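In this document, chain identifiers A, B, C and D correspond to the written order of the chains, with residue numbering beginning at 1 in each.
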Amino acid sequence: MSFPLLTATAALPALGAIATAAVPAARRTAAKWLALVVSLATLALAAIVLVRFDPGGDRYQLTESHAWIKAFGVRYELGVDGIAVALIALTAVLIPFVILAGWHDADPLETGNTRWRPTQGFFALILAVEAMVIISFEATDVFLFYIFFEAMLIPMYFLIGGFGDRAHEHGEETASTQRSYAAVKFLLYNLVGGLIMLAAVIGLYVVAGNFSLTEIAAARANGSLHMATNTERWLFLGFFFAFAVKAPLWPLHTWLPNAMGEATTPVAVLITAVVDKVGTFAMLRFCLQLFPEASKWATPVILVLALISIIYGALLAVGQRDIKRLVAYASISHFGFIILGIFAMTSQGQSGATLYMVNHGISTAALMLVAGFLISRRGSRLIADYGGVQKVAPVLAGTFLIGGLATLSLPGLAPFVSEFLVLVGTFARYPVVGIIATFGIVLAALYTLVLYQRTMTGPVKTEVARMPDLRVRELVVVTPLIVLLIFLGVYPKPLTDIVNPAVKQTMSDVHEKDPKPAVEAAK
Amino acid sequence: MDNLIALLVAAPLLGAAVLLCGGRRLDAVGHWIGTALAASSFVIGVVLFADMLGKNAEHRTLTQFLYSWIPVGGFQADVAFQLDQLSMTFVLLITGVGSLIHVYSIGYMEHDERRRRFFGYLNLFLAAMLLLVLADNYLLLYVGWEGVGLASYLLIGFWQHKPSAATAAKKAFLVNRVGDMGLSIAIMLMFTTFGTFTFGPVFEAAGGASEGKLTAIALMLLLAACGKSAQVPLQSWLGDAMEGPTPVSALIHAATMVTAGVYLIVRSADIFNAAPDAQLVVTVVGAVTLLFGAIVGCAKDDIKKALAGSTMSQIGYMILAAGLGPIGYVFAIMHLVTHGFFKAGLFLGAGSVMHGMNDEVDMRKYGGLRTYMPITFVTFGLGYLAIIGFPGLSGFFSKDKIIEAAFAKGGTEGWILGGVALLGAAITAFYMTRVMLMTFFGEKRWQPDENGHEPHPHESPKVMTIPMIVLAFGSVFAGGFFSIGDRFLNWLEPVTGHSHGNPPVSALTVTLSTMVVLVIGVAAAYAQYGRRPVPVVAPRGSLLTRAARRDLLQDDFNHVVLVRGGEHLTRSLVYVDHTLVDGVVNGTAASMGGLSGRLRKLQNGYARSYAVSMFGGAAILIAATLLMRAV
Amino acid sequence: MSAQLAAAATLSAGTSTGEAFQFWVLGTVAVAGALCTVFMRRAVHSALCLAGTMIVLAVFYLANGAYFLGVVQIIVYTGAIMMLFLFVVMLVGVTAADSLKETIKGQRWLALVCGLGFGVLLVAGIGNASLKEFTGLGQANANGNVQGLAALIFTKYVFAFEITGALLITAAVGAMVLTHRERTERAKTQRELSEERVRDGRQLPPLPAPGVYARHNAVDVAGLLPDGTPAELSVMQTLRQRGQIRDVSAESINDLKALEQRSEDRLERSNSGSGKGSNSGEASK
Amino acid sequence: MNPVNYLYLAALLFTIGATGVLIRRNAIVVFMCVELMLNACNLAFVTFSRMHGNLDGQVIAFFTMVVAAAEVVVGLAIIVSLFRSRHSASVDDASLMKL
């Protein structure tokens, strides 16, 4: 058989994590470099996957399949479609930047944390998360997916609870208590979701007799596997709940601001840009494929919740005093868009949603990391503590502005493409929903520009007077992201070409067709 | 030839990229690079123009397909350009005036250490604006649309250390964003209605769609136009936008960007023609803004704000004309071009004045400047004559045509609109004369400022005056050049179409009445500001005056309704999120804890109570078995 | 032998009216005894009532043709085990009456409910089990009940029997282990003990003897100190702990008073004569 | 009369014994109640053996007695040592099974 590329892509960071963790504490810098190199190698592998993947080919490619737990017919089945490839690429691209951005965050010498924390642990955990995320993008066996979907929580828990940035207005003690609160909250929320999903997974096994996504989907398609309406709906809800918590969808969102607020910025990026994507991705891959009817049945409610997420998240972002929490609520609003696109059941909506996952990952990473650099300089997360930074550190301000403009999806930057696709896709089927969602773009402008104005413009605050501009390391982190944002905004075709076939498949799974234009219908 | 179109956009875009990423080492030459690229873009424009003139009217439309931008299912957005007479007009205006203002800025921004950045932004603006007028589909137009918004945001807030500037910039962007919302909804509607949003197909299919849909699209487009062109009810940002450097006000907030709304409407002529109700709304908006801007312009003492008011009202004219349909499209554009000239000239003049008066903007602190800065005076004066529509100058032709067209709309609407237009002409004459008199005539009113050095007015350097002179020429002759032999009409007609309507009154009557109101306006202004000295401190003034000074309370309304309301909404939502949404979860956790605490008490450690449960269990088991047996 | 056969004959399927009468009478007694066992406040009484119930049961065994068991019941159970109980009861304190007041909340009611339910269920179970015909022990006891049992025990149940033997031995050893207290330190010598007593100023001389005065020579009466107050020490410790001291100080003091009174009277009388004489003497002068 | 009554009686006694176990605090009395329950069982056994006409029931009852005897010995020993250690024979005093 051929070289197990997908396994390698997931296994490399896993091994890297172990290796990094094994580095002796004295050699912290070595651990950092090791982690960076591993993540770059993973990026290379992901690139190979991207190249080897043929958009025109079968739905799932580079597949691997081995028996694993014969008793339950659990198989080790991997395979990627366009959506998965895109997201794997996103993950592989972001992790090196996350590592680079967090270069000093876990270093006791830098952060001045009284409690010594193993630096290499930090990076090992990040790599572990990467491995799990990648494999849950690849898994085509429901059980396999579930395992890693849940296992992800463990490293994330430690990343959130174990490492925080100094920037806390109430000092280290409150910070640590807040951190542990956030970490526990994160864990509990996702655990509850996961357990409910576990029930649904078992239920699925009872109904279908095996865990293979492809087989079940095929059986559903050709009608050989019939589910009673209620069974299907319950199973759907079980899956969807878990994904909605992870995504997060209103009103299951409250863990995100805490987690993102308390964690170090790289970890916050990890959460919102990478880990949460698993939730939305899984909606697209599992909910729609396995339970098409139920998905359609639930669509109205989900659309409403998504709408609420969009508006509500944006409004709360406006009301925040804390930069990181602001970004968190903005992300909630964006996840609303993604879910909206997924359940609009139009090819524009779903392609848009997939692009949105990628673009939101990049844009949030850019904005959040720059914000992190800003915070690390001033040592405060409160917007009120800044002002006039633009005059002192123009490059920082510029990058921050670009990140912000991406967040408000300015045309010419990547997020615009996806957001507009989502809106059009939604509008085509549900005009009212589309229009309401459009208000989100105004609010996005509001919170972004208010943030920029309060922090960057105006008279220079004395505290920021001698704030240094971006350093080389930080530029190395930010520049590629910005370039990527601009490139994908100007020429997203490569991405859409990969995604479209997969979306077409999904559309056929749910037996939906794009609504025809009125005029052509008239003809 | 077609391939040059992309260069039009590329040149300034390149300039922006180089200047913004170039870093400090480009500070010395940055402004030259920017100007050169803007000029080169103008040259390309001229070349294309010459080429276009060489062809006959049918084949004048050039297109250039670059690449497929967003292809998803039926949703096909391309990066493709379309250059027809309408676009060409704009290209020349934008690049021409743009280049002039680049030159002007070299002098104006000389002492600003961030001049390179300024030129970068200007180039960025040019690129976006050109993209806007060259796009061959609405989505690409949308990119340009927001691009100019961004550029204007950056330029208004160019002096970010001034909180007022930062706020104004934010406000401009937000208000525009509301308009953009309209544009994006319009695009979605087009997609759902026609399955495309490329100009050609949409306009062909426009006939097939239901009028309701078309009206909806048209109104959404109008909303977009209102945002960008500062029309009621989205006009509030323009006044504050004057926080930006004066060249910016001249280029973006007078000559080019703010006229994008007019372009949008004229470009979408086929849709509007098929949606008369929408057209009516357009005319109403135009008429209202026309008066609104004029009234505001009368009350402002800040010279730039006064000009901003006038800009508003002039664009009101254009929108009004555009709303009139085929009767007015051409004149809307024509007025747009002439206005581009004289208003840019006026602003540059104002800038020159401020330059000489170390950035004093209050006209009450000017006076008698004509002797100090003659060139500025002359150019400004010509611009003034042009805008009030002095016979023979640009404004005269273009505005006169619009008023005629308004009457030609026919019916009571025609009368009302025509009347409003006339009234507007009168007020225009009034406030422009006021500006003129307060600035250049009367005795000098300036005193030393708080740190005691007296402003000594002086003429601006050549690099600033030359553009003003050029623009002055434009504002003098453009109108005549366009109108004689209906050159402009024949030039644009293939794109916009034209019809004469049925004027209830002869053109001559209209012209004469215009003259009359003009004289009245000027006379009134002279009586007010020419005869008696102008108080340095503004008198309290009538209720209307005070309202007008506050932009007719628009901002207060926004502040009370939107800002305050918004703040309260967000605050309460933050509270709700923390207590309610989060509270539910934490409450569940707490109740769980309490429950377990209670259950814990069952484990009281007394052997006997355990025995009871055992015994009970045994009883239950027996019961179960018995039941099983019974069943 | 013939008696046994006769008994066996009577122990055929049915039961004689005599047995019925016996059942109803003794059954009542047994239940009463059981209830008393549960509800008597003093352990002793409970023990006695239980013994009664057991005897009744023994009778029932006999009536059911389990002669050996009946006898064993009386000898082993009522004789040995109950006596063991009584020993312990005495050890703990025969008069210690524990209150029936319930300390655990709701325990009593739960217990009663459970008990009631349980009983009802059992009865129901027995009721709907079809137990109509009785084979009786006719030929089982044909050649003697004891022999029959023995046959079974030593053949069929021999292993169980052996194991029970082992169990009994273990139990005996266990009981010893549990109750036996190993002396950990060296026993104190007389000298040490006396020094200890002196050191913590305890009663040095031998304790006073109880039961002063001929009237009260019982051990539960405290001796009186010279001032007539009772000397607690003179009563044995157990009685003191149980508070079973008869205090006679008061009456003895009254007796004293009465005695003195009477002697007073007597003296009075003897003095009076002389008094008169003196008076008369003074009068003659 | 139907000998089944013996079984009813046994059930009754057993229940009483059980209730006693639950109600009384004095370890000794609790023990007695246990004995009562055992005896009730014995009665049942004996009755059964008569019912089925074989002696196995009686053998079982016999063994029960023996075991009961052993149990009583050990149990009482425990009670005695308990009493020694904490001058009381109340089962509630040994309530150390609490969290």
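Everything below uses one rule, namely that contacts are C-beta pairs under 8 Å (C-beta built on N, C-alpha and C of every residue); 3 or more make two chains touch, one makes a residue touch a chain.
Computed from a predicted structure; not experimentally measured.
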Just to be sure I understand: going only through chains that touch, what's the smallest number of steps from chain B to chain D? 1
More C-beta pairs touching across which pair, C-D or B-C? C-D
So the centre of each chain is just the mean of its C-alpha atoms; given that, what is the distance between chain C and chain D in Å? 19
Which integer distance in Å separates the CA centroid of chain B from that of chain C? 110
Any idea how many Å lie between the Cα centroids of chain A and chain C? 81
Chain centres from averaged Cα atoms put chain A and chain B apart, in whole Å, by 37
Residues in chain A with touches to at least two other chains are numbered none
Could you say which residues in chain D touch two or more other chains, in rising order? 18, 22-23, 25, 92
Which parts of chain C, given as residue numbers and ranges, touch two or more other chains? 104, 107, 110-111, 114-115, 118, 122
Which of the chains touch, listed as pairs? A-B, B-C, B-D, C-D
Hey, which residues of chain B end up touching chain D in the complex? 600, 603-608, 610-612, 615
So in the complex, which bits of chain B are touching chain A? 20, 67-75, 139, 142-143, 145-147, 150, 153, 157, 160-161, 163, 165-167, 169-170, 173-174, 177-178, 180-181, 184-185, 187-189, 191-196, 205, 208-210, 213, 566, 569-571, 573-574, 577, 581-582, 584-585, 589
How about chain D: which of its residues touch chain C in the complex? 1-9, 11-20, 22-26, 28-29, 31-33, 35-36, 39, 42-43, 46-47, 49-56, 58-59, 61-63, 65-74, 76-81, 83-84, 89-90, 92
Chain D-facing residues of chain C, complex: 11, 15, 17, 19-20, 23, 27, 30-31, 34-35, 37-38, 40, 43, 46-47, 50, 53-54, 57, 60-61, 64-66, 68-69, 72-73, 76-77, 80-81, 84-85, 88-89, 91-92, 98, 100, 102-104, 107-108, 110-112, 114-116, 118-119, 122-123, 126, 131-132, 134-141, 145, 148-149, 152-153, 156-157, 160-161, 164, 167-168, 170-172, 174-176, 178-179, 181
Tell me, which parts of chain D touch chain B in their complex? 18, 21-23, 25, 91-92, 94-99
